[in-house]
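Look for chain A in each of the two complexes below; its partner is chain B in the first and chain C in the second.
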Partner chain A sequence: MLNYLFSFDPGILNYVAFLLTSMAIYGLMGLGLNLQWGFTGLINFGIAGFVAVGAYVTVILSLTQVPIVLAMLAGGFVAALFGLLMGFATLRLREDYLAIVTIGASELVRLIFNNEELYDGRPGSMGINGFPLPLESFRPTTFTRVGMVAIVTVIFGLALWKLWQWANRRLKSAAQKQKVAITAVAVLAGLLGLRAYVVTAISLSNFRANQAGNGLLFVALIVTAIAFWVVERLIRSPWGRVLKAIREDEEIAKALGKNVFAYKLQSLMIGGFLTGIGGALYAWQQSNVYPDNFRSNLTFNVWILMVLGGAGTNPGVLLGAVIFWVYTALTRDLNQILPLPTVQIDAFRMVFIGLLLIALMVWRPQGILGNRDELTLGK
Partner chain B sequence: MALLSASGLVKTFGGVTAVDSADLEVAMGSITGLIGPNGAGKTTLFNLLSNFIPSDRGQVMFNGQSIERLQPHEIARLGMVRTFQVARTLSRLSVLENLLLATQQQTGEKFWQVWLQPGKIAAEEQQSRDRAMEILESIGLAHKAHDYAGGLSGGQRKLLEIGRALMTRPKLILLDEPAAGVNPTLINQICEYITYWNQQGLSFLIIEHNMDVIMSLCDRVWVLAEGKNLAVGTPQEIQTNAQVLEAYLGN
Partner chain C sequence: MEQLVQPIVNGLSLGSIMALSAVGLTLTYGILRLSNFAHGDLMTLAAYLTFLFNSLGLNIWLAMGLSTIVVIGFALVTDKFLWAPMRKQRTTPTTLIIISIGLALAIRNTVIMVWGASPQNYDLPVAETLNFAGVRVPFNSLLVMGMAIAAIGGLHYLLQNTKIGKAMRAVADDIDLARVTGIKVDRVILWTWVIAAGLTAVSGSMLGLIEKINPNMGWFLILPLFASVILGGIGNPYGAIVGAFVIGLAQEVGAGMRQILGDAYLTLLQNPVLAPIVKLMSPDYKIGIALLIMMLVLLFRPQGLFRGTM
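What follows is the complex of A and B.
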């Protein structure tokens, strides 16, 4: 397992690049969900549906010669409309109706994609493949390679700088006993970040023609970084304050003249947009779309990573995505240790992540980066 | 001149008529009281006035405009803000943020403006921050500005509610039992604030069981019993009204 951290073998590097791409994609979906649940208190159990809508719209449009960036934006936009639809149907009712309707609607979407001939007369269940991928025919010169590495250097640089700031802030107010733990966490996170940066830089400077993997890593990192910046800024604005007020007590927001319904719709739509864009990246990563890729377990994986990292904090969600995929990588080779068939190993991985979540709820219910004080407050 | 006037308000829940063709009037610049025994329908009447619960029948006029079909947030925007009987706070927001939220017509509450007019938003934030600190100063919560509102005591929450209502620059504040569960010193303080803000031109409609508060503050008192108007008059008239005494004490 350690070779993921230290090896420079091309196979390992490719796998780590795949993991980084997955972290960025799931992180993006998590940011969308976090806006809805973590900040507005809307229970969306239909992430898979939003992802599916984003993926299919992007893929089908790009197959009909629409430029890939426009196709992706359209995917996000239609996913936002999907959110609008569900919001209109349920947001005037009690809040649990949204949970029920989103879970139903996402299954509905999957079943429609499964049974309709969506493209080229092929039955939906056979999926769609052979669609354009981002930077597929991009042939970087030395100059553009340096440019790409420079861009990811900025992204990772900012992330590490934020980590440094966070650690410093925490260390100032922490008790002696916590200081060791905080330092250890910060150093570990910093080293992981450096490793991620090195792998990204290597795979971008070795950018091979038609290696969509490298291109997607680049695209996914940029898109998620931008999304993170956008939601952070929105959350700190007066707009974000209204969302948080609705999460805490929507009657107050109403009494103070806020149009709660409109804000909920906006949160659902912007979150849906991000999740839909995540769907486009998700489709590109797999280079095919099958309705079965959009089952409810996708929804729950995104929920798991959000709760793990800390709902209501955007860096926490990204951290949750990292931990989720580190966990997946670490348990991938479990069958070499445990003499069990693959099916049982897979089940074991799910059981263990369940145990992990229960342990987290007992000892750190606010998630890893969440603020404990917030949970002990009376209403 | 009446700032708020309601006539013939009716609300039934199943077979129970909670408010039975009730009338109410709040004169411009007055402090008006609304009293009645428990279960008289006072809070329900508040909910009907602010349209948190839609009424079955009846008209409500506020500042010369018919408001019974408006959404609660639209009514608040017109300048009529309510508080709640059990003080509600936005627990995981700071005390200061609780007040900032209440500022009306913030440019930054439209998400696209966050990108289009960041400078204007920052300037507005600074303004409303200054005003919020002023109000917190005046209600004695300034030292708590950066604490979570969820950590406030019951009495402080009542003050926070009033502060939040003031932040909206309203014409009329509906207070639902501002003195309930509050210690006597703080009650006196709350009364002083109400008098002070009233002198600044703000009108109040107050539900309260504490008769001292009603008697010392109110210009006029409306009495509600079993959802119906029982009496209306000055505090002195109400105090000696036989029907009112009967409703409270039984015959």
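What follows is the complex of A and C.
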């Protein structure tokens, strides 16, 4: 376990880089869901469907010579349309209808991808592979590598600066006893962030060692950072405040003359767009797409990381993604301790996630970073 | 002819099973205001408990009875420790939904942990298949329909003629009004769970009679079940029964459409506008048919066909 933190063995570095990529991808999906549930109160149980739509559209378009960036944007766009379709039928009505329809539609999407021949006459159940990956044939010069490291330095630098600000703000208002704890948490988080930065920087400077993996790490960090910045801007805008008003009390937003239906639809679509982009990254990370990769467990993994980190706060969602993957890494070797087959181990983890979801919603619906006073979620 | 009758027979037997479960769902939905996404997984749990007791050597009927009792007990325990405290805090419906999905995950994956993910069969003698002029009717399907009719008859008597049934209808209409009228709401809630979980458990065990049991059997039914409930008007048990039969028949007849239409099916497939809908009419996409009906209901008659309570 400790070698994840201290080792500079190339194998370990690669695995940590993989974890960082996963955190960024799940964080991106979480940001999408957070816009829907955390800020607007829409229950989307169809994340896996949005991810699948984003992944398949991106992959198939890029196989037909569409530039990869355009393919990714198209994937996000079609995922947004998927949201529009479901939202149009349900969002005028009771809140639970969206939950039901998203479950069914995401299952249907998976079945379609499983049964139809989507590309090149291959049966859907055989999946698609051999599609272009971002930056896989990119041969960076020393100069471009320095540039890439500089970009991630900015991203990690901003994150650490935010952490610093948060710690200072908390320290000012905290009681004497809490100060030690807050300092400890901040220092620990800072060190982990530093480790993540060092691993990223090393990976990018040895770009050739793992072309596709390092390329995706770079792309995923940038995309998620941009998405984070955009949603932060959005929710602080007048538009975002209307979303929060809808979450808190729909009738009030209505009384103020807001078109609640349109706002909900927009939130569902923008969230769906982000989740769809997450799907493109998800496909690239696995370098193949199989319908089985889009089962409902994916949906609940994203849900748990959002609720745990703090629904209604974007930094919370990213924190949730980090914790989720740290947990995954720590329990990766669980089958050496528990003599059970993989199916059972996976089931065991899902039982834990289910119980954790219940416990959080009952006792701490605001998650780790959320603000309970603001949130009516869970009252 | 038999191309059409066969799916109808299958649809009636699926509809009977869904009807019992949908009544359970509509009761908890309408009376307790709980959209319970763990409802399908209660069916799964019941089927696996029946499988367990059956494989321990118990007669299938005793096994089903025992499993029903255990599932009712489970539902009462979850109500006591989970739903009752939440009701007291007047938790929002959306929070209840997320809690129920957590419960669904926990139940389903516990089943996988204990019994594994592969499909299982009850230990039954190979059931006869009756043949009516070319239409194959498995004996178990007839059994399932008979049991459903009996259960629905019992429910009808209970709701219309007993004090508790009337109290349940009153609570479904308005819980606060019922309380001030002197109805013991807690007793009504207890009985609601007993009836809802009981019917759901029987329905889950019955599903195991007509197909193999697997850990996702109930989860995959959650959309058709909700569609039945909404189609019939939430909280209206009779509506839920009608809804379940409509959805069950539509799913099976839709799945058999290729056989029913014959050559016309291929012609329709050429039509670019109708092709996606025609494609949906296949055994692979039964859930798609339920989804389509649900979308249509939500778009054109969101209150359902009959009067609901909410």
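Keep in mind that, in the parts below, the second predicted complex is superposed on the first by the 338 of 379 C-alpha atoms of A that agree within 3 Å, B and C clash if a C-alpha of one lies under 4 Å from a C-alpha of the other, contacts with A are read in each partner's own complex, and residues count from 1 in each chain.
Here is the rule we go by: a contact is a pair of C-beta atoms (placed from the backbone, for glycine too) under 8 Å apart; a residue touches a chain by one contact, two chains touch by 3 or more.
Quick caveat, the model's predicted, so the values are computed rather than measured.
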Touched partner set for A:Phe348, first chain B, second chain C, both or neither: second
Chain B versus chain C as contact partner of A:Asp96, first or second or both or neither: second
Which of chain B and chain C A:Pro238 touches, first, second, both or neither: first
Contacts of A:Thr142 with chain B and chain C, given as first, second, both or neither: neither
Partner, of chain C and chain B, that touches more residues belonging to chain A: C
First, second, both or neither for A:Ile358, with chain B first and chain C second: second
Partner chain(s) touched by A:Val260 [first = chain B, second = chain C, both, neither]: first
Residues of chain A contacting chain B in one complex and chain C in the other: 377-379
Residues on chain B engaged by chain A in the complex (per definition of touch): 50, 52, 71-74, 76-77, 81-84, 88-93, 97, 100-104, 106-111, 114, 121, 124-125, 148, 150-151, 164, 168
Chain C-facing residues of chain A, complex: 41, 43, 45, 89-90, 92-93, 95-97, 99-101, 103-105, 107-108, 111-112, 115, 296, 300, 303, 307, 340-341, 343-344, 347-348, 350-351, 353-358, 361-362, 365, 376-379
For the chain A and chain B complex, residues of the former touching the latter: 233-234, 237-239, 241-242, 244-245, 247-249, 251-260, 266, 270, 373-374, 377-379
Residues on chain C engaged by chain A in the complex (per definition of touch): 35, 37, 82, 85-86, 89-95, 97-99, 101-110, 112-113, 116-117, 219-220, 222-223, 226-227, 230, 282, 284-285, 287-288, 290-291, 294-295, 298-299, 302
